[in-house]
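Chain naming follows the written order as A, B, C, D, E and F, and within any one chain the residues start at number 1.
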Amino acid sequence: MTTHPSPQQSNQRPQVSTFSAFQATLRRDLLIALKRRNDLLNPLMFFLIVVSLFPLGVSSDPVQLTSIAAGTVWVSALLASMLSLDNLYRADYEDGSLEQLLLSPQPLYFMVLAKNIAHWLISGLPVVLLAPLLAYMLYLPADAYWTLVFTLLLGTPVLSLFGSIGVALTVGLGSRGLILAVIVLPLTVPVLIIGAKAVADASLGVSLGMHYALLGAILAMSLSLAPLASAAALKISVN
Amino acid sequence: MWLWFSKLGSPKWFYELSSKWLPWLVVFMAVAMTVGLLWALLFVPEDYQQGFTNRIFYVHVPVASISLACFPLMAGAGVITLVWKMKLADMVAKSAAPIGAWFTAVALITGAIWGQPTWGTWWVWDARLTSMLLQFFLLIGVIALRSAIESPDAAAKACALLSIVGAINVPIIKYSVEWWNTLHQPATDLTMNENGANGPEIWVPLLIMIVAVYSFFVISLILATRNEILVRERRSQWVMDIVAREKV
Amino acid sequence: MSASAAATSVHAHDAPASPLLQASALFCERDDRVLFSDLNFSLFPGELMQVQGSNGSGKTTLLRILCGLNSSYEGEIYWDGVAIDEDRESFLASLLYIGHRVGVNKILTARENLRWSSALHAPVTDADIDAALDGVGLAGYADVVCRNMSAGQHQRVSLARLLLSPARLWVLDEPFTTLDVHGVKTLERLLADHAGRGGAVLVTTHHKLDVPYELRRLNLDR
Amino acid sequence: MFSGIVFSSVGEFLQMGTYAFHVWTVYGVFAIFLFVNLYLPRVQRRQFIREQQRRAQRDAHTGKANAGQNAVQADDSVVPGESE
Amino acid sequence: MTTHPSPQQSNQRPQVSTFSAFQATLRRDLLIALKRRNDLLNPLMFFLIVVSLFPLGVSSDPVQLTSIAAGTVWVSALLASMLSLDNLYRADYEDGSLEQLLLSPQPLYFMVLAKNIAHWLISGLPVVLLAPLLAYMLYLPADAYWTLVFTLLLGTPVLSLFGSIGVALTVGLGSRGLILAVIVLPLTVPVLIIGAKAVADASLGVSLGMHYALLGAILAMSLSLAPLASAAALKISVN
Amino acid sequence: MSASAAATSVHAHDAPASPLLQASALFCERDDRVLFSDLNFSLFPGELMQVQGSNGSGKTTLLRILCGLNSSYEGEIYWDGVAIDEDRESFLASLLYIGHRVGVNKILTARENLRWSSALHAPVTDADIDAALDGVGLAGYADVVCRNMSAGQHQRVSLARLLLSPARLWVLDEPFTTLDVHGVKTLERLLADHAGRGGAVLVTTHHKLDVPYELRRLNLDR
């Protein structure tokens, strides 16, 4: 008990800077994912499995697979990103940590941003890195690989950021997963369309500047606005 | 029978027995592996179609065929775990899953590298390849489940159950995949068996390699299981004695 | 179990200059039942206040309203004389809330949990954390994963925050739940100490508080 | 059955016709595979033993009983398979 | 307190029959779904959205869509079924109802079966009924509609039954969603292959007896065995 | 917090013929800590037994083991002289367990919850349910969705099962949590009544039981 700071002292105590709270939150989320190694493995495996369902369901014919490759990889990345979102605030809501987060004197924007970044690093980035392998298995033309990686690199953070809003809205509800998907999937359709279109166009030699510009604009916008929306949604859900 | 069973169930007994046999097995594997590898690399004649890629055969086929043994092994261990609650069986099952995943992955990788020169592609959705990929997924599922469950006891039972369900499904998956593929056969002829000449100079080294890789599988399984035994029995006197004796 | 309730402060207190927390004309209705209406009270530095009431009388609801976690109310709440909506940040900087859900992640260890939750408020060292865990009877449990702790041990981990926080106002919702006799004693002493140092405590519990300190009561039952 | 070494020079052996890349990658993967599965268990075993010895020492110093009772102390789960 | 049966009386009291316990469980799960109308709507919406991602992500060319229609509908049904599984035991686990179920003196097989049937009625059946509409949107040839409906009718219960094992195994875990998919999706490949193949064959005029026989056999087998495995898994998870 | 514990029955009881529940040489280890070893006790009809121990001493674990919800133990448990593994069904037919998680679905109403949980054991009518809810102080709440109830009201819904069940053995893990003073009284009376009628009760709680009945104690602390 000797170290207990008395409330009187406390007013002189250095306040925590927003940055160090941001950092602590980011580190905590990454730590949790590391401890549950599954969080790292599962989005990847899910992505791999879903992609390979398509040849099984549709056809193993290379020509046909080529034509659906871009769309399939994008749709699977979308689903993998969506499903891994479930963990974003759920555990925190259930054990009460979310209330603690909301009661922190730091701007919620940065706390939410930290959690979103952690989520993307855990589930989005690995998917981006694995995508070329799967693209190969679906016979995507080789000249489209880099486009695939770059569009996913721009697009998956948007999925995390948008998804975060959906999870925040539904975190208090009994049934998730699906309701989340139903809310978020339609929001992410533009990203999907642009991304898949860019990849498909890449093998046709069409110029891609426009696609990248659009994706970049969407990313910039969602980086600045989505965490605000998530924060507001969290406040509503905890009510 | 019962006596034997409960004796076999004793991790200590297994540990001591394997200590005795392990050196011999290692020597045997080293000899077989050396002979097999040298023979395969140096002496096997060039294939008239595949050229020297037939060297890959001697790695790929043993690894692929032994990887198929993994699920039955885990399911067997699972039944023993659930029915007789024998701890050793679960330790074997736990060690077998990652090793099986390694074998499957190496079979996939070597197959892919072989496919590139022979079929002109690293990957096709051929029946055998696809079912191998699915087996890989199943194994990863078991590993993921094991690491997701905190309590070792619950993890043991859950994985035992999943392995059994998986083992029942492996043949179903295999047949359905074969059926799927034979019905819409892709353009390339992907039959693996047509290696042209099939003389003893081809299959004797293969046999040796199969024996060598098999003993390699057994050895790595034993090594991993022994570690698992040490960890789980770390409170018991005999393990503490080993710990005290060993210099590291 | 209870209908609406107008609460009054039970003890006349020799009050210091200005109240820390002040609620004025609070009104809350849930599910068409008025939980409380025209509820007024002030909490001064050095005060320890127990919110009482039967099950369903609205204690949890009141505490969450005061912390800003629930906004379905009418009336005004002031912190240090300023409405909490106006200067939320300085209010939150002085507030420590522990609710029914204690805010302990089961995958992390006790230390990792405390490190994060205090990083949101004030920087602490590992030694602080060890001392705090010691203070709540969890010495040696710093690096145990919380999943492997019992219900009471969870509660204790969350209570260690009391020893790490610089907050002046503690708002605790049934913090005695699942604590054993010894733990109850420890917590009662902590509450009294905090109030004695000029902090303020708002606590709900159904058990009879046995603190060596003057206790104010706020009763939500009619 | 034994037709002798089919290569006439080391260079030819390394070239494997035109398939040096394929053949040697496969054998490389195989070598890594062998190495990992034979050597890693030994590393893990050593780690485990070292860890246990350190714990025994610590317990001896603090005068604690060696079995069970004090185990809540810390991350007791020095599981070789999980320490990579 | 007057109606309280004393323990002495209790031995004479009529025991509950297994059938009425089965019925009560089935009715309860359906009631919960009805109350949370989301449970009814969401699998459908998800199915619809995922299927419509394909024209958006892949191509809107009718010929190409026709060729992937069967596979896409089946894969989407598989995913929708998988995602709705999350609710199967989760809420019961969290609020303790699952312990009550396990402590009931009735054979667990029937209790689990009741829950699986409820799940299928809620999430599988609506998907089956909606499938023709989506098939139309993907330009599936009209002669394959009935095949699609029938194969889904035989196949989706298998998905529920298999999925149930996976959920039961993972119900105690912090992170779900993805690990469930990783465990269960590979197991459902045969159903997917046969189902999608049957639909594709239907428009070619191939005889489908074999396909139906296989699906029927798989369904019969999983009806009799899967609930046993689920029950065992639940016992393990609650431990 | 506690080490291994060999428990002894505190009171010598003028025991009836045969014990209802008997534990013999129970041993349980969690996380390398022995919670109890060589634990022996018998519970006779008409007995009310409180399991005591500090936080983390293994009370919850013991109760779950006795109910068969946890199988990581060694030793034997007998119901009416038969090992519970052998005739699980008749054991379960006589058992009512309420744990930390009370088994109340939040989406359903109190009535719907009780209707289902009793359907697993004994048929009850709507009037029975109303009477039971009345008995735990929730008259009029039968058709309220449980989500809209407070913590203590949840607990009460689950306790209504005590009044609906024909079980002879009640196993209750901290059933007094979140109950208000009045609720505590009611529950204490219920426990005494049940034991008085020849039932048996095994209960953990940290609060001092004030029952008009002879109380046996099982202490898990060393």
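Here are a few things to note about the model shown:
The rule is simple: a residue touches a chain if its C-beta (ideal position, glycine included) is under 8 Å from a C-beta of that chain, and two chains touch if they have at least 3 such contacts.
What you are looking at is a predicted structure, and each value in this text was computed from that prediction instead of being measured.
Taking the CA centroid of chain C as reference, the farthest chain centroid is that of B.
Of the two interfaces, B-E and E-F, the higher number of touching C-beta pairs belongs to E-F. In this structure chain A contacts its sequence twin chain E using mostly the same residue numbers, the overlap exceeding half. Centre-to-centre, using mean CA coordinates, chain A is 35 Å away from chain D. Chain geometry summary: the mean Cα position of chain B and that of chain C are 57 Å apart.
Centroid to centroid, with C-alpha atoms defining each point, chain A and chain E lie 27 Å apart.
Chain geometry summary: the mean Cα position of chain C and that of chain D are 52 Å apart. Multi-chain contact residues, meaning those touching two or more other chains, occur in chain E at positions 36, 91, 94, 174-175, 179, 182, 185-186, 189, 193, 239. For chain D, the set of residues that touch two or more other chains comprises 68, 72.
In chain B, the residues that reach two or more other chains under the touch definition are 134, 137, 140-141, 144, 147-148, 151, 153, 177, 180, 235. By the touch criterion stated above, chain E contacts chain F in their complex at residues 1-11, 13-16, 20-21, 23-25, 28, 31-32, 35-36, 91-92, 94-97, 99-106, 238-239.
Interface residues of chain A, counted against chain E in their complex, comprise 36, 38-39, 42-43, 45-46, 49-50, 53-54, 56-59, 64, 67-68, 70-72, 74-75, 78-80, 83-84, 86-87, 91, 94, 173-179, 181-182, 185-186, 189, 192-193, 196, 200. Contact residues on chain C toward chain A in their complex (touch as defined above): 67-72, 89-90, 92-93, 95, 97, 99-108, 112, 115-117, 119-123, 127-128, 131-132, 135, 158, 163, 166-168, 194, 197-199. Chain contact summary for the complex, chain A toward chain B: residues 36-38, 41-42, 45, 48-49, 52, 55-56, 59-62, 65, 136-137. Of all residues in chain C, those touching chain F in their complex are 1, 30-31, 53-58, 60, 100, 137, 144, 148-153, 155-156, 174, 177-184, 206-207.
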